Amino acid sequence: MSEERVATVRPMSEDEATGRVADIFDDIRRTKGIDFVPVFWRTLAIHPHQLEMVWSNLKQWMHPEAVGRTPRLDARTREIIALAVSATNGCAYCVNSHTAALRKLGVDDETLGEVMSITGLFNMTNALADGYQIEPDVRPPLGE
Amino acid sequence: MSEERVATVRPMSEDEATGRVADIFDDIRRTKGIDFVPVFWRTLAIHPHQLEMVWSNLKQWMHPEAVGRTPRLDARTREIIALAVSATNGCAYCVNSHTAALRKLGVDDETLGEVMSITGLFNMTNALADGYQIEPDVRPPLGE
Amino acid sequence: MSEERVATVRPMSEDEATGRVADIFDDIRRTKGIDFVPVFWRTLAIHPHQLEMVWSNLKQWMHPEAVGRTPRLDARTREIIALAVSATNGCAYCVNSHTAALRKLGVDDETLGEVMSITGLFNMTNALADGYQIEPDVRPPLGE
Amino acid sequence: MSEERVATVRPMSEDEATGRVADIFDDIRRTKGIDFVPVFWRTLAIHPHQLEMVWSNLKQWMHPEAVGRTPRLDARTREIIALAVSATNGCAYCVNSHTAALRKLGVDDETLGEVMSITGLFNMTNALADGYQIEPDVRPPLGE
Amino acid sequence: MSEERVATVRPMSEDEATGRVADIFDDIRRTKGIDFVPVFWRTLAIHPHQLEMVWSNLKQWMHPEAVGRTPRLDARTREIIALAVSATNGCAYCVNSHTAALRKLGVDDETLGEVMSITGLFNMTNALADGYQIEPDVRPPLGE
Amino acid sequence: MSEERVATVRPMSEDEATGRVADIFDDIRRTKGIDFVPVFWRTLAIHPHQLEMVWSNLKQWMHPEAVGRTPRLDARTREIIALAVSATNGCAYCVNSHTAALRKLGVDDETLGEVMSITGLFNMTNALADGYQIEPDVRPPLGE
C-alpha cells in the first residue's frame, strides 16, 4: 500500500466485483460510455446498497435518457450545477471530476471562467445577505 | 421600527440616495427593468464603495449585454448557478430572490425540481467523496 | 396565500396526489407510522421522480426493516447523524425535524446536550485543522 | 524543512514541551492510551491556552470516564458524530483521524458505509429543504 | 407555549438555575456587564457540562482580562472575527449577537460595511481557489 | 505536465500576458510590492473580465491606499478576517496565502493562535445556535 494513499477505505477493484455490484459496474461503464469504473463508485461498493442508491440517483438526474426520461436541463447545464456545488463545498475530487466532464462536453476556458465567476459572485452575495440578515423583498411567485 | 425586523442595519431608502449611490440605484432599476431597488442593494448602500463593487461585479456576470459583453451562458443557466450555490449555502434571501428570477424567466416546477435534485445529489456526493477522502482518477484535461 | 409563506414552491396537498405520487405518500405514512405526509415530501412531489429518488434513499437508510435490510446502526444513532449534519449545515427545517424524531425515540435533554456538544466540538476542531492546514499523522487503517 | 510541508505553523515536538504543555501532552498520551502526541495537539501548543481549551473540551466529551462523567452516548456513537461532521465540512485531517478511531473501535466497511450513506443523504436533504425554503410542519416537542 | 417558538429545547430560566449553573449565570452577567443571561447560555444549561465548557472557552478568548490573560487582539478585532465566521456560516442568532456587540463597541455603518465587504470578498475567492483547485505558490513562512 | 498537477486550468504565464491582462499583472506586482504574479491571479486570467472584477474588488478592500480610500480597518485586521473566513471554509490555497500575509505583517504564533482559537470557538457556537435553533434575545441596534 503506497504511503501516498489518502482514501480511508480500499476501493473494490473491478475484478473483485460479483453479483449486483458487477451489474452496476457494467451499467456505469455502459451508461457513461467509458471503459473503467471510476474510483468513486469502486469506493461506494464497500456497501452494495450504498453503490446502488447513489448510482440510481445519479443515473436518474445525470443520464436521463438511460432511464427514459426527457430532461428539462441539457448535459452541460447539469454538469455546471455539479461544478458550482462542488466549488462551493470545496470538494477536490468532485471539482476535478466535473471539470473533466465539462471539458469532454467541449467547454472552453472562457465558459469555465463564466461558471466560476458566477459561482464566486454568489458565494459573496450569500455571505453579505446572511451577514446583514437581509429580509426578502417579496416571496417568489409559486409555480402554477 | 417593527418588532419583526431581522436585518442588522437600516437599509437606505430610495429617497435618501444622493450622488454616486443615486446613480447606482438608477442603474439597478434600469438594468433589471424594475421600478424599485431591492433591499439587498439598499442595505449595501451603507458603504457606497461596497454597493459599487458588488453591483459592478453582478452587472458584469448577470447582465452582460448591459456592459457590452457576449456571454457564453444564457440568463436561465446563470440564475440556475445562483440558486444552486444559494441552496448549498442555505441563504434564505438568495434562494427567494433567485427562485423569483427563475420564475420570471418562465421556469416551471418540473425544471425547478431538476435543478434542486441535481443540487441535492451533488451535496450528497461531495460529502461522500470528502468523507472517504477519495483520490482523483485522473486530472481533468487542461483547456486548449 | 398567506403572507407568512416562505417556501418557494406550493407543496402538493395529500388530496391532489394521484398515481405514483399517491403510492409514495401512502408508503411514507405507513413506513413512518404517521397519519399525514410531512411538507418536505409534499414539496418534493412537484417533480415525482425527485420524490421517488429521495424517498427510496431515505427509506433504505432510515427505515431498513421496511426494505428487509439488517442495519448496523440503530434508529437513535441514525437520527443523531441526521441532527449532527443538519446542525453543521444550519438547516432549520432539518434540525426541527430530526430533533422531533429524537424526542419521539425518547432522547432527553442530557443526551441531546451531548449530541450538540460533540457536534459543536468537531466544528471547532475542523476549523482548527483546516486553519493550520495540519497534515495527517498516519493514514487510517483500511478495512479488512 | 520538507518542500512537502503543508501546515502553516511548526508543530511543537514532544521534546520541546515544558510546564503546562508537557503536562497536557502526558494527559493526552495517557487518556488516549497512545505513545505519541498527534500533530493536531502539537500544533495547538503554539498557544498553550489554546491547547488547554481544546483538550479540556475534547476530554470532557470524548473521554468522559477520564473526567468522572457517565456519558449517554457510547464511544462508537461519539466518533460517528465526529466523522459525520468532518465529512460534511470536508476536513481531511479530521476525516482521517476519526475514521482511524472508528477502525480501532472495530467498525467494519459495512458500518462505515452506513455512516457515510446517512451523512450523504442528509447533506442532500439539507440542500433540498434550504433550496425550497420549506417551513417546519410542527415544532419539535420540548424536553420534559 | 407560543406558536412562534423556534428553539428545539426549552431554555432554562434564570430563576431555575441552582448550584454550578447559577454560579456560571452569575459569572456571565458579571463578566459581560449585563443584567440578564442571554438565551444562548440558558439553552446550553440543559447540560451543565456543556454550559461550562462553552463558557470557559468563550471567557478565555473573548474576556481575557477576566482570566488574567493579556490578549494580542483587542475586543473589536475579536468581535469582527466572530461576525466574519457567523456570516460565512449563515448563523442568524450569531450574526445578530455579534453585530449587537460591535455596535456596543462603537462600530459604525462604514466600519461594518468594510467587515462585511471583506468577508464577502473572501467567500468569493475561496470558491474560486477551490473551484479551480489552485495550488499554493509557496508555503507560508513558519513562525520563529 | 507534471503528474502532481492539481489545478484544473493552465494558469497564464506572466510572459503570455498582453493588453489589459498585462496591465493588471503590473498593477498586482506594484500594488502588492512583489516581483511575481501569484498563481491565483494567473489562473483567473483565463477570462480577463474575471481577473479584472476580482482584482478591482480585492484592491478596493485590501489595498485601500492604492485607490485613495481611508480604511476603517488596518491591514492586520483585514488579513485576519481573510484567514478566519478561509479556515471556516477550509480553503487550503487561501489559508496558506493569508497566513503568509499575516507573517509578513509580523504576526507571531501567539497572535495566530488567538485568531485561530476565536475562529474555532465561533464555528462551535454557530453549530450550537443553529443546532438548537436559538432565537435572538434582541435585535442589534441599527446604526445611527
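The first chain written gets the first letter, and so on, giving A, B, C, D, E and F; residue counts start at 1 in each chain.
Keep in mind that, in the parts below, contacts are C-beta pairs under 8 Å (C-beta built on N, C-alpha and C of every residue); 3 or more make two chains touch, one makes a residue touch a chain.
Values in this document were obtained by computation on a predicted structure and should not be read as measured data.
Asks: Enumerate, in label order, the chains that touch subunit C and subunit E alike.
Replies: Neighbours common to subunit C and subunit E are A, B, D, F.
Asks: Tell me which chain's centre, taken as the mean of its C-alpha atoms, is farthest from subunit D.
Replies: Greatest centre separation from subunit D goes to chain B.
Asks: Consider the two chain pairs B-D and B-C; indicate the one with the greater count of contacting C-beta pairs.
Replies: Most contacts of the two pairs: B-D.
Asks: Match interface D-F to one of A-C, C-E or C-F, accepting only the pair for which over half of the contact pairs are the same residue numbers.
Replies: Of the listed options, the interface copy of D-F is C-E.
Asks: Please tell me the distance, in whole Å, between the geometric centres of subunit E and subunit F computed from their C-alpha atoms.
Replies: Centre-to-centre distance between subunit E and subunit F: 22 Å.
Asks: Taking the mean of the C-alpha atoms as each chain's centre, how many Å separate subunit A from subunit E?
Replies: 35
Asks: In subunit F, which residues are in touch with two or more of the other chains?
Replies: 5-6, 8-9, 44, 46, 49, 53-54, 57, 60-61, 85-86, 88-92, 95-96, 99, 109-110, 112, 114, 116-117, 119-121, 123-128, 130, 132-133, 139-140, 143
Asks: Within the complex, which stretch of subunit D touches subunit B?
Replies: 83, 86-88, 90, 92, 95-96, 116-117, 119-121, 123-128, 130-133
Asks: Taking the touch rule as given, give the residues of subunit A at its contact with subunit C in the complex, in rising order.
Replies: It comes out as residues 1, 5-6, 8-10, 46, 49, 53, 56-57, 60-61, 69, 139-140, 142-143.
Asks: Using the touch definition from the top, list the residues of subunit D that touch subunit A in their complex.
Replies: Interface residues on the subunit D side: 90, 92, 95-96, 99-100, 109-110, 112-114, 116-117, 120, 127.
Asks: What does subunit A use to touch subunit D in their complex?
Replies: Touching subunit D from subunit A are residues 6, 8-9, 44, 46-47, 49-50, 53-54, 85, 89-91.
Asks: Which residues of subunit E touch subunit F once you look at their complex with the stated criterion?
Replies: Residues of subunit E touching subunit F: 5-9, 11, 36, 38-40, 43-44, 54, 57-58, 60-62, 71-73, 77-78, 80-82, 84-86, 88-89, 91-94, 96-100, 103, 108-112, 114-115, 117-119, 121-126, 128-130, 132-141, 143-144.
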